[in-house]
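Same chain, two partners: subunit A is paired with subunit B first, then with subunit C.
For the complex of A and B:
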C-alpha cells in the first residue's frame, strides 16, 4: 500500500489535477442536486406542506393544479364517497398584487380555516383566524410578505390581506404564496373576473376515515365520481407537470455527469498504468503478486476520489452557505450526498476496471525481454 | 499523414473506445439540443406564429397571457397610434382535448385569433380549428371532431399548422367567438366578454422602430405593457431559465468531448513513443506527426458524429409524444462543428508531448 501512497506524494501535481477535475464534477453533481431540491420545493412546497392526505383534481387537468377546477356537483359527490371522513374545497390562482414596495406575482391558496388544506410548516406568527389574513412563504418575507405587511390583490375591489404568519417551504411555482381563507380566495377571484357568476374550487382536499387505506380510497373516488382524479399528496407532488419536466432534465444532466466521471477516471488511470508499464513488469518479475499491484491501483483511485469528493462536496456546501437567498434556495441534503458519494466510488472503480485488467495481464517474463510497454 | 490514415483504415479497432465514447457524447449533445429546441419552440410557437412587431398586455398582468385582458377601447387607442399598421386580438385557453378513439386526454391550447400570418391562414369558420401538427402524434386526424375541456366543446379539425404550440400544449387555432365560447363554457369562473382578448398583436407600418412603437402605444393607452415579439417570447414562464440551464449543460458536454479526445490521444501518444521516435529519426517532422494525430481525431469525430446522428434519428422515432424533443438541422450543424472542433482541440493536446520526443531514443540513446 505504501508504494501507491508514495507515488501519490511524489507526483502531487498529477494527482492534484485529477482530484481537482473529479472535485469539479462532484461539485457539479452535488450542486445540481441541491439546486434541484430547492427548485422542486419552490415549485410544489405549498402542496407538499399542506395537511390534506388526498387531493382530488379534475381529470382533464392532468395533475396540474392551475388547470384544475371542480364543479359543485363533483365536490358534493366526493364528500359522499364511502371512506371519506372529511372533504373541503381548495382554491388556487396566481394574482398580481401590490406590496408596500412594488407589484408582485402572488399565488393564493384558499382553504377552510382550521380544516383540511392548512399549512403544516408555520415558523413565525400564527395561522389565519379570519378573512383577509394570510400565512406567507417565509422565503419571501423580504419582498413585502413579512408579518404585519399588507397585500392588495389588484382588480375590481380586490381584498387587502394582512400577513399574520410565515411558513417554511410554502412556495408555489417559485412565486410568493399566501394561504388565506376560502372566502378571501373567492373575493380575489371575483376581483379579477368581475363578470364571473361563480367561483370554482381548484381541488377538493380529502381525509380518509379511520382504517381506510389511502390508495384504496383514491381508487374509489376515481371510480365513483365522474371526471375527477384523486391523488395522494405524494402523488400530487411527483406528478406535477413542472416537477416532471425538471426531473427528466436533471436526470439526464446527472447521468451525463456520472458518465463523465467514469470516463475521466478510467482514462487517467489507464494512461498512468501504460506509463508505468516497465516498473510494474519489474515488480511482477521480482515477486510482487498481481493482487498487490491491483490493490495499489485501487488505493490510488480511492485517494483521488476521496480528495475529489472532499473538494466537491466542500465547495457545494460553501457555495450553498454563501449564496444569496435568491428565487430558488439551494438545499444540500445529506441523504442524496451520501448516495452520490457511494455511486461515484462504485463508478470510479468501474472506470478503473480497464486499468486493473491491464495490470492483471502483466507478464513478468517481459522484464527480461523488452521494455514492457506492450502490456 | 499517410501513416495516420492507413492506421485508421487498417486498425480501426484501436479507435473503437474513443469512437464509442464520442458517439455517446454526440448522441447526448443532439438529444440535449433537441430537447432544448423542442421545449423552446413548443412553448413559444403561439407567440412567434403571429408575425407580430409588438404584443400589448394589460399593465396589471405582469406579462402573463392568462392574467391579461384587453378590450375594444384599448384596440381603438392602439389603432390611433402613428406607425401602427394592423391590430388583431389573441387569446389562449389551456384545456384538455379528447380525441376520438384515444383513451388519453391530450393537452391543448385553444387560441382565438384575428390576423392571418405566414404560419396561420385566416381564421376558420365558427366551430372549426386549425390544429398544430404535433397533435397528430396524439392520434388526431383531419376531419375529426375533438372535444375540448370538461364541457366537451366540439371543434372540427380542418387543417394542420406548424410550430404554433404554447407552454407545450398543442395549438388549436379558432376564430375569436369560438375561443370565447370554449373559455366561458369550460371556465365559468373566468369568462371572456365580447370584444375582449388577452393580448393584441400589433404590426407596424414599417416606418417606425419597434422600441418607438412600443413607447407610443403604452403612452397612448396609459394602461398597457407592450413587448416586442422577442421579449414576449422570453416572458413565457421558465423559458429564460430553461435556455440557460440547457445551454450550460451543452457547453459542459462539448468540453467533455474535447477532454475525452485529449485523454485518448495522450494515451495513444504514450503508447507510440517508440514509433514516433523512429519516424523522427528517419526524417519525419513533429509537425507531420501532430497533423496525423489531428487527422485521426477529426476522422474519429466525424465517424462518431455520423453514428451518433443515426442513433439520434432512431431514438426520435421511438420517443413518446410526451417528450417534446424536436430535432432541427441548424442544431445538427452546430453540433457537428462543436464536436469536430473539440476533437481537433483534444488531439492538439498531444502536440507538446510529440514535439518533446527525442529521435535518439529510437536507437536507445535517449535520456
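For the complex of A and C:
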C-alpha cells in the first residue's frame, strides 16, 4: 500500500482535516445516541425493567400507561384466558410527594409484592416487603430518594413509604419513580381523590403458562377480552407514545448525520481523485491494474475513517465520563457504538463509490495525450 | 530475434458516418537491441503507432508481436498485465507520481505487479545510481529539475526489465543541451541492457542517437 500511505504521509494536513471532520461527525452521532439512550431509558425504564412479560392496556389508551384503566370484569376475564398462568393488577399515577428536601412530583407503580410487576434487578437494598416500603431508581438517590429516605404522598391522609432498595433505570417519564405495593398505590389514589368509590388498575400484568408462546397469548387475550390490548414488554416500550415521538426525531437527526458523513467522505475523495487524475492515468498506462488503484483508495478511506472514529468515539466517551449527571443520564452503549462504527465504515465506502467508479473508468491511453508540465 | 513486429497494422477512428485513418497499413520490425527513431509532424500518427506497439491501443487490423508474444488478440486485462511486465514507457507529459519520491516512483512499479520488496529495492537503487540520482532518491518530483525528472522516468521505465522501451517525445520539455544529455543517457541505458527502444520525436536533431530512423506522415510509414 505504498501509494495510499505515502500520499497520506505527504498530505498530512489534508487528511488530518478530513479525519477531524469525520471525527466531529462521529462524536455528534455517538454522543447523541448516548444522550437519547439515556433519555429513552428515563422515559420508559420502569416498564422496561419490571418483570411482567405481558402488559394488558385499555384498548382506547393507545399504549399509553397514563391513559389506561381496566375494569374489574376485564381483569377477571384476563385471568381466565387459556394460557395465562398468572395475572396481577398494576396501578400507575403521578403524585406530589414530600421528600426530606422539598415537594416533588413522583410516579408510583403499585404491584402485588413478590408477584408480577416488580423491578427485575436491584443495585442496592432489597425489594419491598410491606405496604410502607418502596424501591426507587438509583438516578434519583441524591434527590431524596435514597435508601432510608422517607417519602410522604401528599393528600388527604396520604401514605408514607421508606425507600428500601434502588434499581437501575427504573424511571418513568423522566421523573422519580417508586415501586410500591398495590395497597399503597390504592391508598395514594384515595388520598388525592377521597370521593372515589373504587380505584381502578392501570394495567394487568400477565405471565404465560409454560410452553405458551407470548405473542400467541397476546393475540388470544385481545380476542377473548373486550376492550383490551395485550402487549409484550418490548411492544409496550416501543409503542409508548413518548418513545415513538422521540425515536422518530432521533432517527431523523442521526440519519442526517450519517448522510453528511457519506457526502463529506465522498466529496473529499472525489476531489482528490480528480486532482490526481494524471498520475493515476500514468499508473494505469504503465500497467497498474484498476484493482490496485481501487485497493489504495479503499485503504485511504479506511485510514481516514479509523482516525475519525478514534477521534469521535474517544471524544464522546471522554465527554460522557466528565459530564455532570443531570436529570437525563448519558448512556454510551458498546453495542450501539459498534453498530455505528460498522455502519460508518460501510457508508464511507459507499461515499467513496463515485471515486472508485472514476478510477475504474480511467483510460490509460490518455497518458499519451495529456500535455502540460513534465513530471 | 526481433523485439517488435507490426504486421499490417491499421488504426481507424469512427467519426460520425465517416472514419479517420490514424495509421494506414503499417509494417515495422525493431531488432532486439535496436534504437528506432520514429519521426513525423504533429498529428502524423506516430504516438498512435507507439501506443499500439505498447498495448495501450488495440489496432483496428493487423498483428502486433512484442518479443515472442502476439498481443493482437489481448483483452484489456491482458494488455494491462503485458504493459506491466514487458514494456517500459516514458511519456511526453506526466511521468512521475507527484507524491512519491524518486525511489518510490520506481518501487511502485514493483508493488503494483506484486514483486518481492527486497530485490525491487536493490534494483531501484542500482538504476538510480546508474542514472546519477543517488543523491536525489528521497526527493519528490517537484524538488527535481526537468532533466532529473526525465532520468527518474527512464529508471521507472526500466524497473520491470522490459525487452522494449517506448519513449514519447522524451525531450520535448527540455532545452537542446539537456535534451541531448537525456538522449545520450537513454542510448547508454538501452544499449547497456541490450534492450530495444522506439523513440517518438518531432525533433530530427535527436535522431542521431538512434540506430535507424523511420518517418511517418499522415499515417503512412516511410523508411
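To be clear about the criterion, the second predicted complex is superposed on the first by the 370 of 375 C-alpha atoms of A that agree within 3 Å, B and C clash if a C-alpha of one lies under 4 Å from a C-alpha of the other, contacts with A are read in each partner's own complex, and residues count from 1 in each chain.
Everything below uses one rule, namely that a residue touches a chain if its C-beta (ideal position, glycine included) is under 8 Å from a C-beta of that chain, and two chains touch if they have at least 3 such contacts.
The shown structure was predicted, so the numbers you read here are calculated from the model rather than taken from an experiment.
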Next item on the list: Look at where subunit B and subunit C land on subunit A after superposing the complexes, then choose clash or fit.
Entry: fit
Next item on the list: Calculate the angle at subunit A, using C-alpha centres, between the directions toward subunit B and subunit C; round to the nearest 10 degrees.
Entry: 90
Margin query: Going by the contact rule set out at the top, does A:11 touch subunit B (first), subunit C (second), both, or neither?
Written below: second
Notebook entry, point to check: Which partner does A:289 reach: the first (subunit B), the second (subunit C), both, or neither?
Noted result: second
Check: Now for A:67: first (subunit B), second (subunit C), both, or neither, which partner does it touch?
Finding: first
Margin query: Taking the superposition on A as described, I'd like to know which of subunit B and subunit C A:195 touches: first, second, both or neither.
Written below: first
Notebook entry, point to check: On subunit A, which partner touches more residues: subunit B or subunit C?
Noted result: B
Notebook entry, point to check: What is the contact status of A:364 with respect to subunit B (first) and subunit C (second): first, second, both, or neither?
Noted result: second
Item checked: After superposition on chain A, the shortest CA separation from subunit B to subunit C (Å) -> 11
Check: Hey, what residues of subunit A end up touching subunit B and subunit C alike?
Finding: 371, 373
Check: What residues on subunit A touch subunit B, complex-wise?
Finding: 28, 58-62, 66-67, 69, 71, 94-96, 103, 105, 154-155, 173, 189, 192-193, 195-200, 227, 242, 245, 248-249, 252-253, 256, 259-260, 263-264, 267-268, 270-271, 274-275, 371, 373
Next item on the list: Provide the residue numbers of subunit B that touch subunit A in the complex, in ascending order.
Entry: 21, 24, 28, 31-32, 35, 39, 60-62, 64, 66-67, 94-96, 105, 107, 149-150, 187-191, 193, 237-238, 245-246, 249, 252-253, 256, 259-260, 263-264, 266-267, 270-271, 273-274, 323
Check: Once bound in the complex, which stretches of subunit A touch subunit C?
Finding: 2-3, 6-7, 10-11, 276, 278-279, 281-290, 292, 364-365, 367-375
Checklist line | Of subunit C, residues touching subunit A in the complex | finding: 47, 50-51, 56-57, 77, 80-85, 87-89, 91-100, 104, 107-109, 111-113, 140-141, 146, 149-150, 156-157, 160, 168, 173
